[in-house]
Structures are given as C-alpha cells and as structure tokens.
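Reading through the structure tokens given below for one structure.
A, B, C and D are the chain letters, set down in written order, and residue numbers restart from 1 in every chain.
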Amino acid sequence: MSSYQDLKEQAYLANMQLPKLNLVLFTFGNVSAADQQRGVFAIKPSGVPYEELSVEKMVVVDFDGITVEGDLRPSSDTKTHAVLYKNWPEIGGIVHTHSTYATAWAQAQRAIPIFGTTHADHLTADIPCAPPMEDEMIKGDYEYQTGFQIINHFKNLGLNQREVEMILVGNHAPFTWGKTAEKAVYNSAVLEAVAQMALLTEQINPAAPRLQASLIEKHYQRKHGAGAYYGQS
Amino acid sequence: MSSYQDLKEQAYLANMQLPKLNLVLFTFGNVSAADQQRGVFAIKPSGVPYEELSVEKMVVVDFDGITVEGDLRPSSDTKTHAVLYKNWPEIGGIVHTHSTYATAWAQAQRAIPIFGTTHADHLTADIPCAPPMEDEMIKGDYEYQTGFQIINHFKNLGLNQREVEMILVGNHAPFTWGKTAEKAVYNSAVLEAVAQMALLTEQINPAAPRLQASLIEKHYQRKHGAGAYYGQS
Amino acid sequence: MSSYQDLKEQAYLANMQLPKLNLVLFTFGNVSAADQQRGVFAIKPSGVPYEELSVEKMVVVDFDGITVEGDLRPSSDTKTHAVLYKNWPEIGGIVHTHSTYATAWAQAQRAIPIFGTTHADHLTADIPCAPPMEDEMIKGDYEYQTGFQIINHFKNLGLNQREVEMILVGNHAPFTWGKTAEKAVYNSAVLEAVAQMALLTEQINPAAPRLQASLIEKHYQRKHGAGAYYGQS
Amino acid sequence: MSSYQDLKEQAYLANMQLPKLNLVLFTFGNVSAADQQRGVFAIKPSGVPYEELSVEKMVVVDFDGITVEGDLRPSSDTKTHAVLYKNWPEIGGIVHTHSTYATAWAQAQRAIPIFGTTHADHLTADIPCAPPMEDEMIKGDYEYQTGFQIINHFKNLGLNQREVEMILVGNHAPFTWGKTAEKAVYNSAVLEAVAQMALLTEQINPAAPRLQASLIEKHYQRKHGAGAYYGQS
C-alpha cells in the first residue's frame, strides 16, 4: 500500500465534493491535499471526469511540482498549488474551480465587497482579486507564475493567508485554501454563495454600503476569535 | 424519554426542511420550536451539519437562553430566538436562514415592495428591513440585541407580528416565525420566492408600481380573513 | 366508479407535472381538465400539497363553478377556470401558476416581447399582459371577474385563444390553456422559459429588436400551419 | 442489424446527454452523429420526447437530407445539419439547442465577448453571432439556408470551424459541432456556461475588458497546441 494512501484519500474525497456542491462543469476544477512535513501533495489527475476518479488515480507531487507517485499526469494547475504550499507552510489544502459567480467577478476584475454577515462570518476583508498577469509572466512558466501572482497580491494588500483563505485571479477564476482539503472545498462553496449575493445586492441597491466595522469584527470573532462560540469545539 | 420529546421532534423535522427547500448552504440556518406555556424551545445545535442532525441532538433552552436539556451548544443565534419568544407569546416557531435572495435584500438594506398577489397572499405590507444595529448594540450582547432590533422595528412601523411573520435584518439576513416551526419554515420559503420575484420585477420594469390596495386586501382576506375560502379548513 | 374518472385522472396527472417542471412552490398553482360536452371540469382541491394529491381528491365542478362531485373544496381560482371554459368552448385544460419569471413580468405589468424563435414556435404575438382589474371588480366576485378580465383583454387586442394560449394577469400571475390539460401544462413551462430568456435578452442588449415578421411566420407555420413538418403527426 | 448501428448509438447517447446537462426543455434540441466517409448521419426524430428515445428511433439521413433508414420523420432542423456536414468534412457531430443563456445572447444579436480563461480554454475568438437571415432566405428553404447562414458568417469573419466549434444564429439559438457527437454536446454545455458568465461579468462591471492576447493564446495552446499539457493524451 502507498505510504501516501491517507493523503490520496483526502484529495479524492475533497475532489468528489466539487460536483456535489455544483462548483464544477466537466473537469473545470481540482483539489489537492498536502502533507507539509513530507513536502508533498496529492492532486487530481488532469482532464479525468469526476465519475471516473478513484483514490488510486490521485497523483502525488512534491513542492516543485515533480510527480513522486502515480501513473497519470497531474492537474495542469499543479505548479500553482506547489508554489502556494511551498510559500505558505500553514495550508494543507487548495481548490481551484471555475464556479459561475466567483469566475464572473474574476472576469470583471473586481474584488467582492463585504456586504453582509455571510461574508464577515468567514473573512473581514473584501475578497481580493489579483490583477491579470503581465505578458512575460504568461508566456513564461504560466502556472508557476500564477502562484506568485497570488502571493504578491496578498503582500501588496497586507493580507494574511490564515485569515483570508480565498482569492480571485483576474480574468481567470478563484482559488481557495485552508488547513485541510475539506476546509478549502468549504471555502470554495462559501465564496460562490457570497459572490452571488454580492452581485444581487448591487442589483437591488447600487449604492449598497459596505458592512460597518463593528459588525465585521463581531461576526468574524464569534466564529474565529479567542472567545468563539459558534460550533461545538 | 425526555419530557421535551415532542418539541424536539418538531424542531428536528422543521430543521430538516431547510436543505430540502434549498434555503441553506452548510449550516447557515436554524429553526426552533417553542412551548410557550412551559417557556422553552428546542433549537438546532450550533455548527452541526444537517445530515448529522437527529431528534436527540436538539437543544432545549428557556426564554433567557439557558440550556435546560441537551449535551450540545445551541445555535449561536439562540438569544435572538429567546427574545422573540419572550416578547411575542403568540409565536411557536422561528427560522433564521441566509437564503440567497432574501439575504441580498437585507444586504441592500431595502424593504421588499409588495408587487403582486404572491406577496399579498401572505402579508399586506412591504417585507420590513430593520436597519443595521448601532455599534454599542453589536459590541454588547449581539444576538440578544438582534431580537430587540426586530421588535423595535416592528413597533416603529406599527406592524403586528401576527400579520407580518418575517423580517430582514439589515446587512445580515432574514428571520421568519409563525404559530409553529413548520409554518415558520413555510414563511422562509415564501420570503425567498417573493424576494427573487421582486428583484426580477424591478429588472423588467424599474418603474413597476406597488400593488393596488384593493388587491392587497382581497388576496390577504381570501386566505386569512373571517370569510377565507382558500384551503380546506 | 365515478363517471368522471377519466377527467379526474387527466387533471391529477397534469397537476403532478407542475412540481416536476419546477413551476410551483408549495400549492401555488392548479390545473383543470374539462369535458366541454358535459360542461364540467376536474380541478385540484384548494391548498392540498402535491405530495398528498390523488385522483380521488380531484373536484368536479360545472361551468358555473358549482361542485358536482368531490368532498373537498375546489381551488380558490375555480371560477376563473369556469368562466374561461364557458366562453371558450375549444379549450379542454387550464393551468394557473405563480412561476418565477412569468410572475415577475406580470408584476412588472409588461407583455413579453417576441424576441426569438423559441417564442415564435408557440405563438406569433407578444405574450399579453392584462391590466390589473378595477377596484369594483376586485371587491365583487374576484375570481369570476378575473376570467372576464382575460377574455376582454383578448378581445381588445384582437387575439384568438386558439392561437395564443397564455396570458399574464397584471400584478398577479400567468394563466395558460390548451386543447387538453397536458397541453396547458406544456404551455406553462414554455411560458416560463420564454419569460426568462426575454429578461436575459433585454439585459444583454436593452435595444434588442423584436423578431422580424417573416421569421415569426416561418417558425409558427412549421409547427402549426397546414404544411407543418415538426413532430411525427 | 442495421449497418448504421454504431452511428445510431452515438447519436442516441449524445442526445440523451442534453436533458442531463440541462440544455433542453421538452424536445427543444437535437444531436446528430455523422459518418463522413459514407456521407450519412444519424439524428433525433422530430418532436419525440427524450424519455421515449431509443437507438432504433434514430433516423439516418444523407447529406442532402434524404432519409436512408428509419420510420420516423427526422428533426425539423435536419437540413441545417446536412449542409454543415457536406461543407465541413472534418466535423462528425452537430448539436442544436435552445439553452437559456446562449439563446438569450442569440436573441440579443450579440457575439459573446471573450472575458476569461474558461472561454479561452476552448476558443480564441468571441463566440460569433450570425445576423438574422434575409426574408427571402426564410421564406425559401429555411433550414437549408440556416446552414449557409452559418457557413457564410464564418467566411465573413475569417473563422475556422476546426478552431471555433460553436455559433449563435441571431434571433434563433446556438449550434455547436465537433469531431464527434459527444464533443459537440460538450461544446454546447461549455457555450451555455460561458454565455452565463459573460452576462454576469457585464453586470458586475459594464466596462469589463476582453481578455489580453497573451492569456488567450496561453490557455488555448495548453489545451489544443502542439505542446498541449492538459488531459492525459
């Protein structure tokens, strides 16, 4: 049995959540699960339909994007995952989708304003949108550079990847992450819901204001602060 | 067997309606069922996925929000439910969701105009939207204050909670109620449908007028008046 | 066995199509099936959930709206059905829903412009929207007057109920009809799809032109003309 | 056994994907699968509900639209398929639907701008929209002329049907094609998703720019170029 069996199972189960949550059409998405100590992650093979996936088909890759186990070619976005894992040692799962509303905001090249508590329950900032990449970055090692585009945009905005676990890449689509692959998938579904509600909010009231600071803080802290009282743990 | 068995069953069954009616993502919603004579209500435990719910996991709480039965932590919105039950003795069920369209109106901080008979079949007023709370209220006992924000907005507008069984809390999301938890869930689904149709109505005709008074009255009375002739009772 | 067994089965089966086609929430819709020679129709009982319907629960009513068979109260919209059957002897089925997009156009008080061949495959005119009724009509025998509001609007526009089998009632919701209850249900689903596409069309291009006359004629005739070549009959 | 058995099976299976992918209401769509060497294609019979389809009911037609096998009348759009197969010998499958968002763009008479990588993964141009046909073309052999309208629009724009496998026909609806019927169905689903995201993009940012050239090229090449690295082949 593979010494990466657990990791591959995590990646498999998380990938299978994407179609159930209506976050992918065909194969337009992928999830990876990382073991930061061993410096590897398991990721969906490229272009394989979800109904044909299995634990065995997951590909194990190191943080330079080199396959260490598996017969199939890993997701074409593998290098983006690798860069993020290497630079952000606290994350254990990454999701990339082309989910409808989040992708529309990415195509519109706009950050998603924080309009309500559904958003504030998960992060206290607007959901960032990295600008489209420069031509040289695209013509070079594109997926590798996509990872740095994400990291640099977080640096520019002073955001912390432990507190903001999602981003839109301009003209492209969303990436989300978390401590585990399961949490990263959860974040993708939250992002899609928040993206839809934000568009509807602007349609109902083009002058809708951002959420006031006290309410942002309150909702985030009751789920994530030291005195958090949401959930059972 | 628990002396609250019936109440917990009502709460359980009503909670399980939320995902079936597409009113919740993950755990973003909760239903409670109250026994006004005994001064208690059964409510969903906080953060527990719907697929893992059971009658036994329902938490019984008194009208001050103190748990009287159950091993799990009750919904983080429990104090809002408690305040409403204590002040509105005629209601027996409360629902809170972040359903897509109703939440978008809440985020837009607008009451939902009464545009048609679907709305008038259920209430004769615009669906009210309480303003976001003051900073001190948020920093204090937030969920407790949310209950008063709802009650005060009803007082300010001269609305009667027996006739208008729903409200939007600005920047947050909807609450609905009714004689039973089942009726409160019904109201949440009606609210979501009315919220979607109202946005579409404004998109089709930005100058769409409110429903004329005679038609509001007719539709409400045929379902709720002394001479009601809708349904079998 | 009831001498209306066939009629009740037709009405039952047609009613059960409404939730399958996503045209109703809860009990917000009803279908009837008529026998024009005997001057009766079978219709859904009022307020009974679709999952509890059965052939036996269908109510048989004459063209004055008087129940001739059945223990339950017929749909609150029964008199509207009765008026249409009495005045339009060529129709054998009627559907009333509050389907989302069609109702939004009704609330916006606009006829649905004929923008494409999906529309022209079924009718050559804009889908009419009767104006809201006068106060006296509403305060009088409301459902009865709704029938006349529909008939009068067809007369005013010079429309033929054999060629245009659907209407929006302003501020209210759609009615459709056809030779059979099954065809009337089909028309309700077509109306909902056309209503959604028309709104999207205007959103994509606010100056979108109506379909040219030759294309309206071509599409309608290939399905309905003397030389029709759509389908197998 | 029919010598067209394989072709009919391909057509049958591809047709059955349309309702699964939510691309058709009732019978508003059809798929054909061609054998370019034998000069024939199998196509859905006209007006037959998807739930009643079978391999045996597929109709085999030559490239002039003449039935060579099958008891049923072929799709009313058969001549459009025939013209495309005859003039574009590299295609092996064609799909016609009235899917919601693609049809709305066709009704709006607008090409779909290339706003993101989801689009660029599949084609490097805006999705073309052929103008509505001239009156004489419509009154003549309409479906036959529809085929030429598509071909001529590609010629006018200098597009290559091997690289752009989809078109909107103004005021009407989309057609897609591909090497196989299965690929053509895939393209129909991609088109519908891209059409929805493009409308949302314009709603979020009316000034949203087209995708930059380098990113269009990169995404198309990684899926379709000589050095493609998407998928397993």
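Worth pointing out:
Convention: a residue touches a chain if its C-beta (ideal position, glycine included) is under 8 Å from a C-beta of that chain, and two chains touch if they have at least 3 such contacts.
As the structure is a prediction and not an experimental result, all values here were calculated from the model.
Of all chains, the one whose mean C-alpha position sits at the greatest distance from that of chain A is C. Shared residue numbers account for under half of those found at the interface formed by chain C and chain D, and the copies are therefore classed as meeting with different residues. We define each chain's centre as the mean of its Cα atoms; on that basis chain A and chain B are separated by 33 Å. Chain B and chain D have CA centres that are 46 Å apart. The set of chain B residues touching two or more other chains comprises 202-203. The list of touching chain pairs reads A-B, A-D, B-C, C-D. Chain D makes touch with chain C in their complex at residues 25-26, 28, 45-48, 72-73, 76, 98, 100-101, 103-110, 132-133, 135, 138-139, 142, 171-173, 199, 202-203.
Of all residues in chain C, those touching chain D in their complex are 115-118, 186, 189-190, 193, 196-198, 200-201, 203-205, 208-209, 211-212, 214-215, 218, 222, 229-232.
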